[in-house]
Amino acid sequence: MYRLHYGGIVAAALAEDLGSGDLTTDSIFSDERGEAAIVTRESGVAAGLALAREVFAQVDGEIHFQSMVEDGDEIAPGDCLAILRGPVGGILKGERVALNFLQRMSGIATATRLAVKSISGSGARIVDTRKTTPGLRILEKYAVRVGGGENHRFNLSDMVLIKDNHIRGAGSISEAVRRVRGRLSFAVKIEVETSSLEDVREAVDCGVELIMLDNMPVTEMAEAVKIVNGKSIVEASGGITFAMLPEVAAAGVDLISLGYLTYGSRALDLSLELAGDK
Amino acid sequence: MYRLHYGGIVAAALAEDLGSGDLTTDSIFSDERGEAAIVTRESGVAAGLALAREVFAQVDGEIHFQSMVEDGDEIAPGDCLAILRGPVGGILKGERVALNFLQRMSGIATATRLAVKSISGSGARIVDTRKTTPGLRILEKYAVRVGGGENHRFNLSDMVLIKDNHIRGAGSISEAVRRVRGRLSFAVKIEVETSSLEDVREAVDCGVELIMLDNMPVTEMAEAVKIVNGKSIVEASGGITFAMLPEVAAAGVDLISLGYLTYGSRALDLSLELAGDK
Amino acid sequence: MYRLHYGGIVAAALAEDLGSGDLTTDSIFSDERGEAAIVTRESGVAAGLALAREVFAQVDGEIHFQSMVEDGDEIAPGDCLAILRGPVGGILKGERVALNFLQRMSGIATATRLAVKSISGSGARIVDTRKTTPGLRILEKYAVRVGGGENHRFNLSDMVLIKDNHIRGAGSISEAVRRVRGRLSFAVKIEVETSSLEDVREAVDCGVELIMLDNMPVTEMAEAVKIVNGKSIVEASGGITFAMLPEVAAAGVDLISLGYLTYGSRALDLSLELAGDK
Amino acid sequence: MYRLHYGGIVAAALAEDLGSGDLTTDSIFSDERGEAAIVTRESGVAAGLALAREVFAQVDGEIHFQSMVEDGDEIAPGDCLAILRGPVGGILKGERVALNFLQRMSGIATATRLAVKSISGSGARIVDTRKTTPGLRILEKYAVRVGGGENHRFNLSDMVLIKDNHIRGAGSISEAVRRVRGRLSFAVKIEVETSSLEDVREAVDCGVELIMLDNMPVTEMAEAVKIVNGKSIVEASGGITFAMLPEVAAAGVDLISLGYLTYGSRALDLSLELAGDK
Amino acid sequence: MYRLHYGGIVAAALAEDLGSGDLTTDSIFSDERGEAAIVTRESGVAAGLALAREVFAQVDGEIHFQSMVEDGDEIAPGDCLAILRGPVGGILKGERVALNFLQRMSGIATATRLAVKSISGSGARIVDTRKTTPGLRILEKYAVRVGGGENHRFNLSDMVLIKDNHIRGAGSISEAVRRVRGRLSFAVKIEVETSSLEDVREAVDCGVELIMLDNMPVTEMAEAVKIVNGKSIVEASGGITFAMLPEVAAAGVDLISLGYLTYGSRALDLSLELAGDK
Amino acid sequence: MYRLHYGGIVAAALAEDLGSGDLTTDSIFSDERGEAAIVTRESGVAAGLALAREVFAQVDGEIHFQSMVEDGDEIAPGDCLAILRGPVGGILKGERVALNFLQRMSGIATATRLAVKSISGSGARIVDTRKTTPGLRILEKYAVRVGGGENHRFNLSDMVLIKDNHIRGAGSISEAVRRVRGRLSFAVKIEVETSSLEDVREAVDCGVELIMLDNMPVTEMAEAVKIVNGKSIVEASGGITFAMLPEVAAAGVDLISLGYLTYGSRALDLSLELAGDK
């Protein structure tokens, strides 16, 4: 995640929130300088500090932003994530946008960390999906990595994932794989979505790189893993709640993909507090 | 919410998801035409149909999109939200982006509807905040309206909200209000954030249009309502859980603002299903 | 008005004026450095210095821009608004665009100041309208403030103004207000346009925050003010020439809105003069 | 002026004016359809009908826009420029932006027509300058053509104009011309700004295509015309008021450039009137 | 390649070429309608017809564009690629931009087809590189596919290619692969650049999906292919001229990447001819 | 060519190449700093150093870019064009985009220089055309100047070029010129395309500034030059190969336009080499 990527996102968010200007702040403050802290009210994993830094840099180049933690650090209630010094007006104008980024990204990182920890010791890894907020995918996938998860494909052009609708369109898994291989770059991996052990066997025979077990009972997952027998990477997907994670991991799958990391995570509760007497 | 507003958001979301093209779909489908349905797997309130329509219009002008419900309709598991007819390849390319919009917006509308119902009969109304997803505020605030809530200010330029940091900067509520009135347009309303009955009395004396009770115990809210005595609109804000809603409404406040409508709502579980044999 | 707001406007203006490059200046100058002054040829009020500064910063980062006056200062023929030092080529490339901004904004500030002065002593205030140059509203409304006027609503989403066409659509003022109140946010003020004393009475009965007297004779305005009797803010609007201002103010209205501040102001006559011998 | 040119300008203007939506109109109207007319309150020349058409097309594709006059037609008080039929809400949302374009462009066309008529019979032609509104140059120069004027260079890259600052930088007119010829494309014409008959003689000797007489007394202009004797095109520029036009034209110049066509024209007074009973 | 992808590229190209308008065409044509043909003057492979269609659609919606060949068809001198009917002015305004796209893309497709044919019968395939024109990669890679080649990775984010600089940075091929595997998504393939048989052996031991032989003599390539022995895909790259292609293919490599397909292809010579008498 | 012009082009090129990030480099490098050189493998003329500098500045502000040659310098195999110092990761991320710009622009400058040298001593000059890469015209025309050529018109709005299709539309050269003069600005030059000596005589009679000899045999060109006899600038155009240049120049034409400078130039072979041991 480079500044190239998020500079424009931040500018758009500020335009959205500032409209034609901050009526309140501009009426009350002129040149006063002060200090503020971004503080967490709950436990979690910090993510998105570069975004917050960029917000204040765009609002007013004179605001000094000092990170007190790094993306990925675990934080507890009362911990300070960053200290800001400079024009109070600018700090207040950037507050909401900076928090909106930080809270959302930290919420995703926190949920991911929890999921990762709940299967630690197993060989399985937590991965994300394309169920992300329109326009913010690069930030949300970054937050998953910060939390310790891995990223599944970024978009439709960087991997092949043959899903049920594709299989139905082609007639069979084998035919779908055949068509893809006939037309497609050697440079991408192929994953096939399966919903039965029959499907799994067919996918194994096709020699695809990854096999997704879609909404399978855990016992069936375990059998699928045996069938695959290391010839492909096995991904469990669909309807996997937090509570089921250890059990799914124990079934021997390599990857567990969780859509709710990005579409269901609650924002972490952070606030910006202005120092009283600077 | 006009097409003017969301056309660009949809284009950006499609660019994000399509990258240099949908490798899978383009390998498997050429000209096949088919029919698909967007179906819900859980109960809730539909919101964002225009967005879904726009997604498919931008992907392929030949896809016909027929809404089966309207924004605001309550939907139950199995209900169909829309029928699509046209090139299968285009339908599959737009699927994820359309669902990402629909699921998120319907999730917000659903949470809002629940909150609204839980206080029905009281005179209080549910309102949103500026804790929205960067870049999507116009969609999320629309979804709140669809759910039956009302929108608080859209951004920093369309109302004055004097918060604790402003009060501290000005020295007192009265001084902050004085400064705002001295410099600001007659065209906007002024709201003051209060955290004690003392504050409430001072705000009432200033004659502001709205008074926010920030993180107050419910009993204190009731007293504040008495103090205000109809001279301002009273808004309860901060730390109000779903369970507390009836009690807060009973305290006599006019508005209850809930940040989690937009930052904490879970996406509604929808799917796109291709008809097997067209 | 922040740099966030005008950076893009300036970039677009420079692209428009530079095309594929300044043929003349690039043929004649290479590295020469020099000094130039922005000077006024007539009296008025300066506005837009930040825009001029931004123009030269974007053209060539090595140009040093020193403001000699501040926005809002009154200037007389021969007064210097700013001194520029640096590459002569860059100064000449930015000249026209910088002047186009400065002249237009100073022209608006000057006209506003004149209007404000002509009613000084009365309780009335001068306000602007939405009759602004497409794309430059934020700059033009800022110039009105610099001149001592106040800003009416920025756009269609930050206040309600029920005009004749709305009233006709709803059937009556009362019905229009009822519909707005039934659907609309508590956060915005409501203004009603009236064209007779009958209308004014109806608007007063509705309890709206502002009442606009549209194209009323001054004597009727005075009666309207009596009818309102402080219960709403009263705005005089439509067909008010400069000469009529004192009389309109004397009628007791609170606001006088003047469309020609933004659509009819002549640009102030400024020039950029290069020092002969640096 | 193609749609390619103004589509983006219109979209930006609508975004500016609609903000997050038209609160008033959306509260009062739903599906009502109606008819409206754009009418002039004063005499002038119509310009910008394509812009108005584009505004309504972008607001709501169902609005039918029928031009009653063409750009360049002379209009008298009460004349109808266009009829609109369709959703009333959409018509009202586009009203202000459409009028802002039409009024400004018609104002420029009107002023230009007046200037052109005042010198009719002479061989001189009226031309514009680069003193245009930032971002709207293409529209304003088009309006000048509509009024019967001609366009001077569009920007810094499509002609050479050696002004006083360039001459001072090069040391002399001859040296400036020499440098330009040494480095510059054969494809562009060269104009030199002169402020004395001495300068004019030097420019003639250089064989440049155009000679600008800057702020010269009319009698001196006549002498300059004799000196040039048809070897270059002669342009009078600077400080030429409307009253002086016939006299300047009589001096024999080919072109008279008037900055105030674009920076000093008053908008033409137009209004949109909704039919009462559709 | 969807319209979503190239609509913006076409709009930018038209803006670049039209500037403030086509002076010549607008002076000579008004409403004349006519017919034109896009014709080739040399043999080759057609590519980019959708781009040409889009150009004319954006210039004037009334131009009817009828393709006479499809992308990938071989064309001979005199063949007609497309027929245009409609306003002559619009056809001439779009001519150069449409041809610039078509000629460049057809040139790339033609060069690719030649390369593909020269190794037909071998098992090798022709692939492209990232040496593309900034901003046009999606079009150029599409043209390679049209010509019968395949696309190597689109950009830095959709595959891993460990090049000499990465290897030097990590210390060894093995260490570089280890680092990538430790941090990177299971979803992407890994390719390693090798410059000696030593390197090839190390890469094989690492089990990477692709091995690039960089600038190797053909005899060494053949040995490398034996060492790899089908365990990875082998790509020949660097300094491979057209004449060498059969020999390189005979060495048994799977892929031959040719940067000059995109950076060295000559545009195909096409022209637009207006029918004389419509 | 200013930063204003190419900043956006560079940003778009980087977005295209970085996608969601450089998987390889980010896995292997963290904070390592190093030094790299941009070196040429063949002889030619350097062009585009400012673009390369901008690429690295946008990728990582900490990369120091030191030019070792200037645009226009002749370079020989092994020569170093620039030295980079800073974070190795950033250097590698910008490598391909920087080279893509530099190689293309240097290729154009090199081809131009060769053409210019081949006619040195004659009075003729080499000029370019509008056959440029969509979106990169400003860079490619700059590269032609760097090579010693001159730029023909930048786009359709900065000069009149009456081509065969215009002449056919108007009926004759004289009529086409008459129409242009009747409607068009005095500020632009007029060129007429001719394909016979008859045409040339007609164009001379019209007094146009430039006459293009389109695809004429060299002997006919010489006759055309005699006919024109210095009254217009004469441009040879169409089908002029490199080998024909001296002969065409000897025919006495003023300008020789070569489309292949921009559409047929091969990129110069450059590479970025990381120093082994910093």
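Letters A, B, C, D, E and F name the chains as they come in the text, with residue numbers starting at 1 for each one.
Criterion: a contact is a pair of C-beta atoms (placed from the backbone, for glycine too) under 8 Å apart; a residue touches a chain by one contact, two chains touch by 3 or more.
For clarity, every value in this text was computed on a predicted model and none was experimentally measured.
Traced through touching neighbours, the fewest hops from chain C to chain E number 2.
Listing every chain that touches chain A and chain C alike gives B, F. Counting steps between touching chains, the shortest path from chain A to chain F takes 1. In this entry, A-F is the pair from A-F, D-F or E-F that repeats the interface of A-C, since more than half of their contact pairs coincide by residue number. If you average the Cα atoms of chain B and of chain D, the two centres end up 45 Å apart.
Distance between chain A and chain B, defined via averaged C-alpha coordinates, is recorded as 22 Å. Taking each chain's centre as the average of its CA atoms, chain A and chain D sit 52 Å apart. Of all residues in chain B, those touching 2 or more other chains are 18-21, 137-138, 154-155, 157-159, 185, 188, listed in ascending order. Here the touching chains pair up as A-B, A-C, A-E, A-F, B-C, B-D, B-E, C-D, C-F, D-E, D-F, E-F. The touching residues of chain E, counted against chain A in their complex, run 125, 150-154, 157-159, 185-189, 191, 210, 233, 254-255. Across the interface of their complex, chain B is touched by residues 9-10, 12-13, 16-29, 32, 34, 88, 92-93, 96-97, 99-101, 103-104, 130-138, 154-163, 165-166, 168-170, 176, 179-180, 182-185, 188, 260, 263-264, 266-267, 274, 276 of chain A. Residues 11, 14-15, 18-21, 58-59 of chain B are the ones touching chain E in the complex.
Here chain C touches chain A in the complex through residues 1-2, 4-5, 137-138, 141, 154-155, 158, going by the rule given at the top.
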